[in-house]
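Two complexes follow with chain A in common, the first pairing it with chain B and the second with chain C.
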Partner chain A sequence: MDILISGLLLGGTYALIAMGLNLQYGVARIMNLANGEMLVLGGLAAFWMFVAAEISPLLTMLIVAPLAFVGNWLIYVFLLKPLVRRAKNQGQLEVDSILATFGMSFILVGIMVMIRSEYFTYSFLANPFEILGSTVAENRLVAFGAAVLIGLALYLWLNHSRPGMAVRAVSVSPDAAKLVGINVERISALAFALGGAVTGVGGTLISTFITLDASVGVIFTMKALIIVIMGGVGEIRGAILAALILGLVETAVATLIDPGLTLASAYLIFLLILLFRPQGLFGRRST
Partner chain B sequence: MKRRTFNKAIAKGIATAGLAAFLSTTSWAADTIKIGAVWPKTGPLAGGATVTQGPNIEMWVKQVNARGGLKLKDGQKMIELIEYDDKTNPGEHIKAVQRLATQDKVDFIIAPYGTGFNIAAAPIYAKYGYPQIAVSAISDKIEELTARYPNLFFTLGTTTAFVEGVRDILVDMRDAGTIGNKVAMINVADAFGIELADAARPIFAKAGLEIVYDKSYPLGTPDLSPVMKGAKASNPDAFVAWSYPPDTFGLTEQAVIENLDVKAFYTAVATCFPAYGGKFGSKVNNNLGAGGVNPDTPEMKAYFKAHKELTGKDADFWASANTYVSLQILEQAIEGVGASDKAAVSQYIKDNTFKTIMGDIKFENQFSNRFWTVGQWQDGVFRGVKSVNVDGAASVRAKSGWN
Partner chain C sequence: MKQVSWSGIVLAIILFALAAIVPLVANGYHLSVAVTAIMYVALATSWALFSGPTHYISLASGAFFGVGGYLVATGMSDYDQSFWLMAAIAPVVAAILATLIGLATLRLSGVYFVIFTLGLAEMVRNLVSWIQNNFLGSRGLYVLTDFTEAHIYWMLLAVCVVIYIFGWWLSHSRLGFALRIIGNDEAVAKHVGINTALSKVVLFMTTGFFAALVGAIIAPRYSYIEPNQVFSPELSFLVVIMALIGGTNRLWGPLVGVIPFTIIWEIISSNFSNFSTLFLGLAFLLIVYVIPNGFVGLLEKWGRRLRA
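Let's turn to the complex of A and B:
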């Protein structure tokens, strides 16, 4: 029972890390290597607001979301759109966007080091909570709840709304989407900005229970990449399922075998999925 | 980008960087003494280095320059500090030291941050003959290393001494009937944690302490609750974690949540950080950790005050002071020699006793055998409770709950 609950909570954390990148890579086709830095920036905002003005991270989250949305929109319009227009094919765009966002990640790290180079440590809802006989931390539970809400909202929006349908259309085929009158550039910008907002909010929530610092972003980028590729690019359900599987397996291995093997087990699953289902759990086989 | 334009861009970048370096080396007159420093401003070790290393360098340079600079035979010289970020990457560190030696032509370099970096970079410091007064480096291979590098000095202690400090506390508490024999021990799976855990197993066993839980976890594990649940299930009397900064915070938080009720709770690096006390407040009262200080001596009181005034930050309760001491030693050795002579300064460090904020420091075989090993949070201050040859240890208290 402990494994199940702790594993689900960890899976929720992973979903927060990966859902944003999934939108950015799956729809806007931007392999955003600054994803982790965006997450840490959300954490820095939470830390800063909490320490300076004792504002709850749950409130900060509501401020972070629109700020990150606008910020990422601007990044897409000014930094990435020229790359998209110039790219002759998907491969070239991928290489260009990897280089551009890799550079951006250094700029973001530099900015954060200037603001705060030490650890972002504070205590928020670090209390035990009994759930079905298992003790969990309240802050993790809150983050899990938020992950569920965000995931559900994204899923419903993508599958039951007109703009959501347009986003899915762009995700499947940008060229065909253009033919039916979808403004692909605007939808891509929307998806990129939305992805950034989800990641920023994720960072705000995660900072309540993981001690972040300015340089830690790359770890989250790697985790998000693994989850996105495991789940299938552009598939919100796939990302959530992959995140939960990863959380459950890591917790089971840590509890039953050895905590030292969690990383190894995560990469083992990743390897198995790449071997037997290279398009990801929910991914479509490319033609 | 086409390959040719890319190459052109790189060439242009190199030319600009070269020009900048040229300008920076020629624009300073000879009335300064150049001190280099390479430490992680970004990367995994940055969070610790910006507490322990950076502010002390800043403070020391400000203080020396405020009194007119270092007194040399040919007059007083202001310090010109040249700092590089090694990005927590040993390769970058070595490149930066080469650059300091050959391009910037600095007179002295402040030793690296971290055990691995001090050992990995020792050959390059030795190659250029810079005295390397290592602070944040704990190892059992000190004898071997100092024999190989005549310019390398150690000040913070040995792995075995740190484990023995913890053992002494646990044995004293057991003999007093406060705790039983059972110890849950975990370590971070990197060089530092593995070396300490390997040293601890035989030392604890010999002292009659039984290790009932013994696991490692990868650096940066996002969820330490399975580790803490496992440790709690083993029903220990004491908890010992050879941990690194982000995990020290994470393990303590999990211990609060799981209510791990032990009379002795030890986490290693960063327990001494002001941020640790700031985050947990009274909950971590009587928590044990690596390091320590005696905050009550007039010298240390003055040091903490000056640190806050000059850098705007609080010093930590351990290696901050040692880092400052290493700079005091460098300062006194340079002034003692009276010239920018690297070999003479190394020799001076070997031959003399230095008056520092931690008392008199003297090196034997390039090792200063005077350091704190274990400290304890006691009513908001992290006091040294076990040391090797340092006076002023407070008496150890038993922990009672997480309130």
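Let's turn to the complex of A and C:
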């Protein structure tokens, strides 16, 4: 029962991060390997604000979101759009964007190490809370709640608004979207920026209950990628289910076997997906 | 197909002879930089054999290198085997591992492969540490041999020669031709009857084999080995950067990238270690935005312009 509850709570936050990456990869078609660094940056902001001015991470979130949005928008427009334009095919763009975002991820890690090379340790709402007979920390619950609210808002926006519909159209087919008068480049930039903002906020939330450090980003990039692939690229519902599964499996492995094996368990899931359902749980097989 | 050019062979032999006498004229610090450089020449060149034509960015070098070093260490410390036996077993184990990874990921699009190799070194490290802590007991392992840096250097040079001969043979073989077609257009390759998955897996296997061999040979240099040290994700990235900076369209391309980069990296990591990560990031951006075909591509472009 303990495993079930903390696994689901962890999975909820993972879902938010994966949603961010899904917007970037599923819509803007950029395999962003600096995604985890965006998350850590969100965590660093929360730590910094809390230690320096005792500002609650929930408020920091409101600052992180617009900053990450603008930052990612600038990255897309100035660094990634030239790559999209020069690429002759999808494969070329993938290789270029992978290398370019590697570069960005290293640069971000380098900068963050200069700001703070130790763990971002702070204690926010670390009180026990009784739920369904098992005890969890309040911060996990709050983070989960915030993740659910943001995820829900995003889902509604995507499905019930005009710009949301444009984003979904680009995700299905950029070429067809162009034909019906959607400005694909602008929507891609919007999706990339939004994805970055969601990931940054996810980092702020995660930092309340997981201690981050400057170089941990790549692990979260891995996890987000595994979730996105498991759920099916561009599938929000698939990503949520996949995130919950990963959260549960990781928590189970960490409690029952060894906390050092969480990455290995994520890999096991990844391997099973690749072998048996490479299009993802909800994805359709491409022809 | 190109004809064998005698001037190329003579040049290669002269370069090899010059490389072979390095340990006789250099010592101490310079020799140790030379060992590092020749290690990266072997790693980057064998990396480029696979990633050059296919454009699949493999980040598995660190994992295979680690498997090589770790197997030598555990074999010598825990099971009293000789260095030679372990150095022969390690590459075979890595090749099997590479085959399994290749079979799982290379049937699909390149992205899955990159993602899978991205965390591979870290995952294998976690797994090995866990096995060691729970079942084997000891944490550090000793690799005690009579090898000097010069011996290690010559062994690595021999590995390089094998890789170059293999690479030369590959570029003239049906397999190499198939890989170039796959790199240009995988759909076309499939339609003309190339078994694309098999070709990729075979070549990925050889990359894994050589990376582990290098890891095994370099192990005596450290004498004390623990998983955290041999499974370094950083190594995978360095190999990618060096190969791409040099250029992967020519067999000797990575060589052009490795030598200057090793020297710069040596300076930066010993004097400005705070900036090393930042520097790696800038190197990646340099590759993507300024020299997408590497130094070799740049030189060839200038060469064409001069002749025109």
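Following the convention adopted for this analysis, the second predicted complex is superposed on the first by the 273 of 287 C-alpha atoms of A that agree within 3 Å, B and C clash if a C-alpha of one lies under 4 Å from a C-alpha of the other, contacts with A are read in each partner's own complex, and residues count from 1 in each chain.
Here, a contact is a pair of C-beta atoms (placed from the backbone, for glycine too) under 8 Å apart; a residue touches a chain by one contact, two chains touch by 3 or more.
Here the structure is a predicted model, which is why all the values come from computation and not from measurement.
Look at chain A after the overlay: chain B and chain C clash there. Once the two complexes are overlaid on the shared chain, A:F209 sits against chain B while remaining clear of chain C. Of the two partner chains placed around the shared chain by superposition, chain B and chain C are both touched by A:G260. By the touch criterion defined above, A:Y122 lies against chain B but remains apart from chain C after alignment on the C-alpha atoms of chain A.
Of the two partner chains placed by the overlay, only chain B lies in contact with A:T13; chain C stays clear of it. In the superposed model, A:I219 makes contact with both chain B and chain C. In the superposed model, A:G91 makes contact with chain C only, not with chain B. Chain A uses residues 96, 109-110, 113, 215, 219, 258, 260, 263 to touch chain B in one structure and chain C in the other.
For chain A in complex with chain B, the residues that touch the partner chain are 2-3, 6, 9-10, 13, 96, 109-110, 113, 117-119, 121-123, 126-128, 135-137, 209-211, 213-216, 219, 247, 250-251, 254-255, 258-260, 262-263. On chain C, the positions that touch chain A within their shared complex are 55, 57, 104-105, 108, 110-112, 114-116, 118-119, 122-123, 126-127, 129-130, 134, 186, 233, 237, 244, 274-285, 287-289, 292. Here chain B touches chain A in the complex through residues 1, 41-44, 46-47, 50-51, 54, 88, 186, 189, 215-218, 220-223, 225-227, 229-230, 245-246, 249-250, 253-254, 256-259, 273, 275-276, 278-281, going by the rule given at the top. If you check the complex, the residues on chain A that touch chain C are 31, 33, 82-83, 91-92, 94-96, 98-100, 102-111, 113-114, 215, 218-219, 221-222, 225-226, 229, 258, 260-261, 263-264, 267, 270-271, 274-275, 278.
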